[in-house]
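The two complexes that follow have chain A in common; it is paired with chain B in the first and with chain C in the second.
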Partner chain A sequence: MKVIEMPAASDAVKAKLICAGILISGCSGSQSALSPAGAGAEQIASLFWWMAGGATIIWVIMIALSIYTLHLNPDAHHRQKSALFIIGGGAIAPTIILTILLIYGLNLLPALLARPPAGTLQIEVQGYQWWWRVRYPNQSGEPIELANEIRLPRGEPVEFILSSKDVVHSFWIPSLGGKVDMIPGRTTHLTLHPTKTGRFRGACAEYCGASHAYMNFTVDVVEKAEYDEWLAQQSADRLAPRNEAAERGEELFLQTGCGACHTIRGTEADGTIGPDLTHIGSRNSLGADMFVNNRENLQNWIAHVSALKPGVKMPEFRALSDDEYQSLSKYLEQLK
Partner chain B sequence: MEQEQHHSEKYHERHERIWFMFLPPFVWALHLLACYLTAAIWCAKYSGSANSFTTVRIAIGIYTLLAIAVIGYSGWSGFRRHRHLAADLSHNDDTPLDRYRFLGMATFLLAALSTVATLFVATVALFFGNCD
Partner chain C sequence: MKPDDMDSEPSNLISEQDRDSAEYRRQSAERLLKAWETPRGWRYWSAVNNSEVGLWYTVASFCFFLFGGVLALLMRIQLAVPGNTFLTADQYNQIFTMHGSVMMFLFAVPIFEAFSIMVLPEMLGARDLPFPRLSAYGFYSFVIGGIFVCGSLFFDAAPKGGWFMYPPLTTSYQPGIGADIWLLGLTFIEIASIAAAIELIVGVLKCRPPGMRINLIPLYCWYILVVAGMILFAFPPLIAGDILLEMERAFDWPFFDPQRGGDPLLWQHLFWIFGHPEVYIVFLPSVALMAMMVPTFARTPMVGYSWVVLSAVGTGFLSFGLWVHHMFTTGLPGISIGIFSAASQAVAIPTGVQLFCFLATFTAGNVKRSVCLHFIFAGLATFIIGGLTGVMVAVAPFDFQAHDTFFIVGHLHYVLIGGTIFPIMAGFYYFFPLVKGKQLSERIGRIVFWLVLIGFNITFFPMHITGLLGMPRRVFTYPADIGFDTLNLISSLGSIILAAGFVLFLYDVVRPRRNQPLSERNPWKAGTLEWLAQMPDQPWGVRTIPIINSRYPLWEQPDFVRDVDEGRFYLPDAVEGRRETLVTTVIDAEPIQCLRVGGPTFLTFFAALFTGGFFIFATYHWWLAAILSGLIAIVVILTWVWTGTAEIPEKEMKDVGLGLSLPLYISGPSAVGWWAMFITMTADITAFVSLIFGYFFYWTIHDDFPPQPLPGPGVFWPVTGLVLVMIAYGLTLLSRRWNRAGYTSAFYLSLSLAAVFSLAGGCALLAGPWLTGLDPTQHVYPAIVWVLTGWTVLHVILGIIMQLYCLARRAAGKMTDRWDADIVNVSLYWHFLALTVVMTVGVIAGFPSVS
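Coming up: the complex of A and B.
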């Protein structure tokens, strides 16, 4: 079995042992709480290893004891000694061990849940069936709205302000930290502290309907300078169409009614039902991390979206000609 | 024989107070519910902008003392019943006295479990200083 490479050496050994042992190779990678890239995830991973280690020791002792009593020393045992053993090993020891684990676990929680200091970067994320609206703060007033992708500067805390517009969702980036529910009518908070750059995967962790499994997002942790540059670029209006096909695409976009649901800053399209598409061409993926973002997939999305994503809240546009699909997807593709 | 007759009257099933055995776990459940509701209602309605949790902590402290007192009392009385009229620990015969003593033991053990569980619930209040 091939074991996927792990970034951190010490965790790598542990994870490989576990992976090899139970014949799965899902312990590492961009969506694993066991290859942490954030302060919260590191604590959660160490809690996991302590728990797993403790459970393994207890398991080994129990198996050893049953082998001893059944095979090595099957005769009757001393009554009083056995009673002491049962009370000690069966009641007192577990109580002590559970108390220690409880205190250790509880002790981690306040820091994981604490609100960060004032001035911390705050990013607002709203859950929808089945995508994410993301708003970044902007020095000059209006927040910058994007979707289905999050970019964070490395080495500083970030607070997510979470809410939902329909049903309960849950916001989770396993490699960075814990998860927090997004509850309609309430605002919840999650503070993360990314420590490594890289691309990670986030997911909705609360069943929310037919396409729950297709409600994900990518997270790019980059250096602060790169983040600032990226945000400045994303805050700009859309790039004007650079060729005829794209021009035709923008016209079509406005004519076919896409703008009733989607905003493309710099055009008349200012709908807010669906994700902002101002810079759709620069996203890693389409449809909440469902497809690679390329022209062909864009075209398929517009023509067959209901077949691709069950229950999706975007109508299919089947009545367009091949030419028109082409123009639309060329236009969206160049919205970098 | 006379002794036996005497026992079956004194420890007849209706005297065994089987429901008494469930008092400790019931108090544990009540304690959990009370802590949960107090924290939830306080944080939703009264905690104010500082999200202060002190009042909840005091309330949980009081609930815990009350709960432990009731659980402790039932555990102690269970233990006494188990000790009743017997020198050894066995309570496995099919006699009213043994049933009486067995239920005493069961009450005692459930009280011990409920004590630990109640304290575990209360521990949470030691670690959380605010409503966040």
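Coming up: the complex of A and C.
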């Protein structure tokens, strides 16, 4: 049985202080389903606008009808007319409208659910409390692993292979398309087709515990060339420390046991419990899109993680000195 | 029964002339009042009469509503601004879990049952429901369970898995007792809800006034029948799910653990098989209220009565075929999504028919305005928005976006506040005079109305947009710069206006009204029986049980009120000082029995207390205390049943007036007790079938289920158990027959033997999984076999207790060859038990060899 420690009362107070200091950020662009940037999202958004328009008209008619009935002269009542009114308004009209809607709506379904053709880019995403492990295929062996950040080439379909290692999560990039749940013991699929470049925000849509609100990620849709370049860079080992502080940071990282949970390719750190940090310095945000990625926030994260993100498994490294925190964060910052 | 069959004692023979004298009328009214007198002082709480219990129940569930509302306000404060630190994540998660659970389990369902307990007998011109003590038991269970569940919030121990409690979050990832409180506390309340549903069904079917044929019953009662029936089939799957989830939490039986063959989706299916009908269980009673109020304010009978009834029944049926639309995003195949998408839209049609019937009634009548009517119309206008957004989310592609976002929060509150709360508010204004004898203020009411309507729309309308902008549900905070801020702030401000409306309403309800004159009788000029009530009402329910030949007797039957007041119908008197009401046939409402119902007692309170103790102690894993409390509960319940049911009357027949004489005791399919047993067992077997569903669910998703080679329970022991229980079953049926035939010793012999065979059968059933060494913690297969076996054996034990009970009743002279309701009802239980055993053995021993 896995046990999640909840922050004690004093932690709650501390969290308030710290959060007041660092503003939680969504530094990551649109999360709106109404400004679509993917084929699925576009179809669903126009479905929505049609339905919203139709619903408004129906509502106005119903209200007008209600007001009319109140002012109607009671003598006008006629049995047969009433029956016609009830059957026509209550059964026949909705049946026609709903049938049309069903044909329109269900027509979208096969395309939204279909698995893409072979050779399509497949990205594996695993949900954890409260972060995302992301794996890109790599022609030369081991998949490329990163976390809480996805980059996609514009104009190409992509299939996400979704699973969860703990509780039920739901993978959702509103601007690109609908969501699909990540269910322990099962594998689910979601195909998206980004049509516009830009930065978008994804979120976990299924309640998954204490920090459900802090389980987000960023999606960058870029042109193919830029994407290839980025992927090549991500597949490389870590950049070696370029200054003394960073060297000291790497040493500290390995000594204090960070490597038990985190991998930094090119070093001895090969833990798989937490997110891969090989290129953490290049990421848009920290803590599954909680904070802007900068040195100060990195340092705060290491020192106060459980106050910042309630229930998180990573322990706080309180025994380190200020100097050591700085070295660590400098090291991580330069892991571009 | 013909008058010449009369067999009453001379003292009860009162000539029609005598009945007409004013003196007789006064005396009989006094005797009647004496019999139905509400206990005074501290004994007041021993009352079981529907008007008291119904009132307490309504007040209690309304208090839970206010509590749930306060929780909602706390959430709105937290979400008013981005990155707010008013609540911690953990507090917020407890609060949103409790808000949903309280509103669903402690308010929406109970208030309908509570209110129905209060008014149903009045609407049916009955003195009380058939089992007043069962209502009291349900009420106390509800209050004890409700306080236990809500109280946990003050100890930072509340459930925090959401009202939907999805595993594995709620199994392996929340070690505190919160989830156990939810599972056991609410299961306890669900059982109380089922008890009330049974009471209401039997009430509608068997306790109608003579002449009120099935096509004349008030629309409210039709809805009650539909909704109570839905509770019967919807709650048991949840109870089955609760059992599985709690077994996993308490004993590590891996029903939802994919590592050991379980599957989290089984819970989602069981939960939503309950959860979707639940929405209609909550919504239909409010339509029922509207169906009573609309004709009154239109001053004309409901247009399209049969259409309303058909649509209500249709909605009830359809609502069981929609649950998968809560799971569109779980990766189901397109074909199931398409089917459930279509079914979910289809439910809009019967709903539409009901709305149009209301509008047609307004068209036909001359509408009288009042605050009630305001709320009815606001309810319709709001609910239509909720219904339209409901149709939108039923279109699966749109649901892929909207699911689990604030769009759904907006949608469901439009449905539940528009469809449920607004009609309930209207109902409060409408029925308040029945309870207090005085009216709520129209002047304050109008202010309440506008505050609630405006506040509600400001709070919930923006949520649709917030959701589409990408805000997921159940987040305790959100960042500042992605467009959620303004809309959330508007929602929070709106909630304050909404709350102000409810506070003002509450003031109007509780303010002292010593100086306010009594309401006139039937203030709304309604046509249905409950408005026979005097202001203030008398505890007898109705002065005399009338003969009905129309849907709106107060409008359509001449001199009706006078005849009732003068006691010119059935049972105008209580000569023996007993509480009596009429039992009629199901379809035609022909009187068949004069039923004596139970009077005040504290037994029901203690029964509820110790039943509650069982569940509460089990939450803390204090097994000894739990078992002790459970045993005491059984003893108290047996005492209650022993002293309060199947009482042998002092005479066969009783003169109930108008030259009619009815038996005081009947057994078998015409008796209310038989119906209650039948309905209870229907619910019981539904829960059992849900467990069986679990077994076959695993079979459909796993190639190696049941595993090969089969680890157990083998064929020999289960089949031996089956044979032994079947012999016991046969002997029980024989003992019923021999008892009736007067073969006393044959009765004793066969029933004692039956008990012995039952015991042996139960042991043999347990021997199967036990001797083959099935370890339920190892894999889901042994776990589900054990659960099915355990369920069955518990029922066998219950069957043995019933057999012993009948033996004891016979020995004590409380059951004879003539007065045999006990053994008849126990045989009925045994029919269901036999079915359960056959299914269990067929599945655990037969299915593996077939597959």
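Quick note on the criterion: the second predicted complex is superposed on the first by the 298 of 336 C-alpha atoms of A that agree within 3 Å, B and C clash if a C-alpha of one lies under 4 Å from a C-alpha of the other, contacts with A are read in each partner's own complex, and residues count from 1 in each chain.
Throughout what follows, contacts are C-beta pairs under 8 Å (C-beta built on N, C-alpha and C of every residue); 3 or more make two chains touch, one makes a residue touch a chain.
Quick caveat, the model's predicted, so the values are computed rather than measured.
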Worksheet item: Can A:T95 be said to touch chain B (first), chain C (second), both, or neither?
Response: both
Item to complete: Using the superposition on chain A described above, determine whether A:I86 touches chain B (first), chain C (second), both, or neither.
Response: second
Discussion item. Contact-wise, after the overlay, does A:G141 reach chain B, chain C, both or neither (first, second, both, neither)?
Written reply: neither
Worksheet entry | Contacts of A:H189 with chain B and chain C, given as first, second, both or neither | both
Discussion item. Which partner chains sit in contact with A:P110 here, chain B, chain C, both or neither? Use first/second/both/neither.
Written reply: both
Item to complete: Would you check which partner chain A:G119 touches, where first means chain B only, second means chain C only, and both and neither mean what they say?
Response: neither
Worksheet, complete the sentence: In this superposition, the partner of chain A with more touched residues, chain B or chain C, is C
Discussion item. With both complexes superposed on chain A, which partner does A:K179 reach: first (chain B), second (chain C), both or neither?
Written reply: second
Worksheet entry | Touching both chain C and chain B, counted on chain A across the two superposed complexes | 91, 95, 98, 102, 106, 109-110, 113, 189
Discussion item. Could you list, by residue number, the parts of chain A that touch chain B in their complex?
Written reply: 91, 95, 98-99, 102-103, 106-107, 109-110, 113-115, 189
Worksheet entry | Touching residues on chain B, where the partner in the complex is chain A | 112, 116, 120, 123-124, 126-129, 132
Worksheet item: Quick one: in the complex, what on chain C touches chain A?
Response: 82-83, 85, 88-90, 93, 160, 162, 166, 168-169, 172-175, 252, 258-259, 262-265, 300, 303-304, 307, 311, 329-331, 334, 337-338, 341-342, 345-346, 348-349, 352-357, 359-360, 362-367, 377, 380-381, 384-385, 388-389, 391-392, 395-405, 468-483
Worksheet item: Contact residues on chain A for chain C in the complex?
Response: 1-4, 6-7, 12, 15-16, 19-20, 23-34, 40-41, 43-44, 47-48, 51-52, 55, 58-59, 62-63, 65-66, 69-70, 72, 74, 76-77, 82-83, 85-87, 89-91, 93-95, 98, 101-102, 105-106, 108-110, 112-113, 129, 166-168, 170, 172, 174-175, 177-181, 183-186, 188-189, 201, 203-213, 310-311
